[in-house]
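Input: a single structure, listed below in structure tokens.
Order of writing sets the chain letters: A, B, C and D. Residues in each chain are counted from 1.
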Amino acid sequence: MQSLYDNLKTLFPLADFTGQRPDLAFVTVPREQLRPLLLHLRDKEGFTHLVLLTAVDWIEDDQFQLTYLLNDRNSARDIGVRLMLPRDNASMDSIHDLWPTAATYQRELREMFGIDFPESPRVDEDFILEGWVDMPPYRRDFDTLEYSRETYVERPGRETRDPAQYMKQKLYPDGGGNG
Amino acid sequence: MKDDIEKRIERQPDDRSQRPALRDIPVREELLPRTVKTPDGQEIKIDPLQDYFCQAGPTVQTPAYTKIIEDLFNWARAESLWILGFGTGCGAIEMRPLMTPRFDAYRYGIQWRPTPRQANLLVISGYLSVKTLKRAIRAYEQMQNPKYVVGLGSCTINGGMYWDSYNTIKCLDEYLPVDLYITGCMPRPEALLQGFDDLKKLIRAGKGEGANRYAENFEWYKANQKRVIKDWDMPDYNW
Amino acid sequence: MFEWIMIPYSLLTLFIVINYGMLLTALMQKIGARVGRRHGIPIWQNYFDLIKNFGLRTSISHGTMFYLGPVFRLTGGIGLLLFVPTIYGSEMFSNLSFAGDLILALYFVFFGTLGMALGAAESGHPHSAIGISRGLSQVTSAELPFALAVFAVALQYQTLSIPEIVAAQQGGIENWTLFTNPFAVAAAMLSFLGSMMRPPFDVVLAPQEIPIGPPTEYHSSYLALMQTNRAIMPIAKIVVYMNLFFGGAATWPVFFLKVFLIYLFSVFVGVAFPRFRVEQSVRWFLIWAVPLGVVAIVMV
Amino acid sequence: MADRSQYPARKADGTLDIDLASGKYLKLWQGPNHPGITGNMSVELTVCGDEVVEGKTHVGYLHRGFEKLMERRTFIQCFPIVCRICVPEPDFNEYCYAAAVEELAGIEIPEKARWIRALILEMGRINSYLMYLGGQAGAFGLGVIGQWTTYARDLMLDRFEELTGARIYHMFIMPGGVRDDLPEGFEQRMEQTLQEIESTLNDVHDTMFRNAVFKKRAVGLGYVDPALVDEYGITGPVARGAGVAKDVRKDQPYLVYDQLDFEPVIAQESDTYARADVRRRDLLMSVDLIRQILSRMPRKGDVMATLPNVLHWKIPRGETYVRGECSRGEYGYYLVTDGSGYPRRVNVRGPSYTHAMALLERLIVNVNISDVAGLMVSLHTYPPEIER
């Protein structure tokens, strides 16, 4: 993977590179370089299979990370292309013309993270949720427990404990333990 | 179950703060009133929400027969449970062994019906996401009185594994009149057979009046359903 | 010369046939279940379902024809039964048969389907509509070889009265049409498969495609009527086949046995095959069954 | 064959121009409450005559928000719920999640645990394929196959039960290894089960695959052009049915698959019949693989690595993707950790995600209504993988 990274480096201004496994690496790319990089990987390097496209919410530094994971079957290697987006009204250009299935992933991201992909087909239709009136649920600042408490009736009698404390009480009543 | 319902009805109206909506949902355009041109060229006005559904609410159907006949009917109902073939959740996967050689529920008069009109038992097989709850309500209301609901799996009782999920209901009998719960995640076919057997006992004893319970507390059920289903785009009673 | 005693006699026939049909259909389901290594429904299940459906408290109508659909269907079944001699030579059970009842039987075989189509169409359910269009096209193509076979038999025995046809087949198994005119019987039995709503010709009801076709919207009492007909219609149809091709039945035991065997034929085929698409089944009838019928007529 | 000339023209934005009021088209919802649908999803069909003009897949009826729920559970708390994502074959969730966590936490699992994991995965594959065969035959109206295969599946579930204690949700493969060793005499009982399954498969082969009517229905239905395989991210039997020997077990061997000898099963016709046949032969291959695993597995050795105190288990920042070949295709977990005791992001990549959405919507056009169910089953779509 290092060799791949080196000759990619000559072509594109790539940021940090992570060799996760011998057959899996992640590179970070600036937004305007994403499309040429994907095209290069697909056509020149043989990464023809878009495995997944998903997002990670780094709310501390106010960014979304988009991850395009590509797979090259013939030489059995994967590369994940990372891309950082500003978090407020995030928007990204669609790649559904490179891989038709990307449209599905983009619909999900639009709904679950609120990341907009203009000109991606059917991107504004309901995908998973129906009649969702709250903020996109996969964002970190959406508290699912609070939401379900406020929305759904709960049957009385259900209690939850912090497992660490509970097991400590159970296992080490004298208050010791390896915690 | 019944008095449990009444207890809860007493503490209505629910004082929980309704979460503010961040966006409002437009009515789907196939539900908007419109004029269409029929193939033979005449113009007709259509208001789907008015024209496509029957607006009459459910009414309490008291058994109008003598006790003997009602008992006979109850016995027959117990002996022929027609399940609506609607796998709402992962519990549906244990329904398949139930219908096949090892367990063979047909022996007990349990059969599948693919259409709600002919089914008289709605098995909520597992957690209900809001989207499915909407369909389940429609399916239930299309069934004919008397009809029974069996909640299958812990997640129908109190949320089970998904107690903190934002998309699944936690307490099924707030939204549909449940006659019986079968616990487990997921319940084994033996548990299902036992559950159906208990349901038969209930029906024979004349306790399977869920449809009437639904009709009596109709407003309460509807209020609960509408609190959860944010885009309520069907009439209150859609058969 | 019509005798009023006919009426209670025919009703008695009807009663026997209904119960026999109820038990027989359940038995056939059990046999099918055995192929799946199951025990299947209890033999009394049909009665439970019938009582239950009559006992449902609410029912929804979609209009007059919606009511009449099951009624027509039931009329088709009962009419077919009553105008065909059930037991040959028996004063009690030869029913209202008369010269030329063959034509009437042909008509009644089709009658129920038409009524059903009208009724189900009014329910307005798309699955019903699709099922009807499939059903009518398939039944029509399945009726064709049967009609040809019937004409062949009528030509062969020079009569349109079923009792006379049965009479002509008496006196030994070798006199049955089955052996005197095998092509007609072959054509008729193929069309019999098509008319029994079992695989490979059950695309009309096809649960995985259009659950469950025409009866989708039918429930409670309507459904109960149709169940009653489901018990009568096959028996009545089989009675016709039995009389025309298998030498009729002179006593009830023979009747029960022959009906059971003919029914079993369709069940055996049914459990072993997937279902044809509708255009495939129509093509199948036109390619295989109709030529047999033509041959039968030519041979006579 | 409906008249092609009546088919709707495409508008500028690529969508079809369909005037429902013209009476030429009929909108038909297949599902969610429909026996011919796989799982709880729905296809919005627009039909002209008997042929589908346009089909849109609608999912989300089974959405529980796993990826959100896992963000507020510790790593060990996640382990019991991941298997709930996919009912017919839960073990792949457990494996992929466990493998991802181990990779990021730098845990090396004992050798025997790797063998037992492979064994569990193959058993799960057999279950899933048996379900599929029944569904495929049932979609064409041959109900008896479902009876036989479900019975065979019950036998395999018994093996699962004595190994893991559960029928469906096993919760057996946990981070650090597997929960327990094989019980006494497991090999012999497994051998009996495998023989039962093989005999069932012979019956299925005679009744289903040699059946003229089944061939009439299945041959030529849902042809997948091999050129589409990479474009649409097609994996698993659908790809192998199209002649592309795409099998993660061979391409990027995980667990012990590099020590087992097998060849990916492929067919060239790329229609429903070919896919069904690929799955049948793949099932037989799994039976053979289980025999290999049981014979070559190390007899002794522990099955669980020593974990840190799972209640205070923090995993340093990192991200990885772990994949496996499940019965429907490539199953993968994309796991991101941020140094805390909770996963930062988990993304489940189910094969149905591409099969049931983009591919199905493309294949379903011009298909007869009767064949829609058969087509969906032949893609072996399973909605919870799409919506989680």
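As a working rule, a contact is a pair of C-beta atoms (placed from the backbone, for glycine too) under 8 Å apart; a residue touches a chain by one contact, two chains touch by 3 or more.
Predicted, not measured: the structure shown is a model, and the values here were computed from it.
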- Greatest Cα-centre separation from subunit C belongs to chain A
- Message: Report the inter-centroid distance (CA atoms only) between subunit A and subunit C in whole Å.
- Response: 61
- Task: Determine the centre-to-centre distance between subunit C and subunit D, using the mean Cα coordinates as centres, and give it in whole Å.
- Result: 43
- Query: CA centre of subunit B versus CA centre of subunit C: separation in Å?
  - Reply: 37
- How far is the middle of subunit A from the middle of subunit D, if each middle is the mean of its Cα atoms, in Å? 22
- Among subunit A residues, those touching two or more other chains are 129-130, 137, 142, 144-145
- What are the residue numbers in subunit B that touch two or more other chains? 85, 100-101, 114, 131, 164-168
- Where in subunit D do residues touch two or more other chains at once? 34-35, 60, 63, 65, 68-69, 72, 147, 151
- Query: If each chain is a node and each touching pair an edge, is that a line, ring, star, complete or other?
  - Reply: other
- Task: Flag every residue of subunit C that touches subunit B in the complex, lowest number first.
- Result: 33, 36-42, 45, 48-49, 51-52, 55-60, 207, 211-212, 215-220, 223
- Which part of subunit D faces subunit A closely enough to touch in the complex? 14, 59-60, 63, 65, 67-69, 71-72, 74, 77, 103, 230-233, 246, 251-252, 309, 311-312, 318-321, 323, 330, 332, 334, 336, 344-345, 347, 349, 353-354, 357-359, 362, 387
- Provide the residue numbers of subunit C that touch subunit D in the complex, in ascending order. 35-38, 126, 130, 199-200, 202-203, 206-211, 271-280
- Message: Please output the residues of subunit A touching subunit D within their complex, sorted ascending.
- Response: 18, 20-21, 23-24, 26, 48-52, 54, 56-57, 67, 69, 73, 76, 78, 80, 99-101, 103-104, 121, 126-130, 137-138, 140, 142, 144-145, 163-164, 167, 178-179
- Query: Tell me, which parts of subunit D touch subunit B in their complex?
  - Reply: 21-24, 32-35, 39-40, 60-65, 68-69, 72, 80-81, 84, 87-88, 131, 134, 146-147, 150-151, 153-154, 157, 167-169, 384
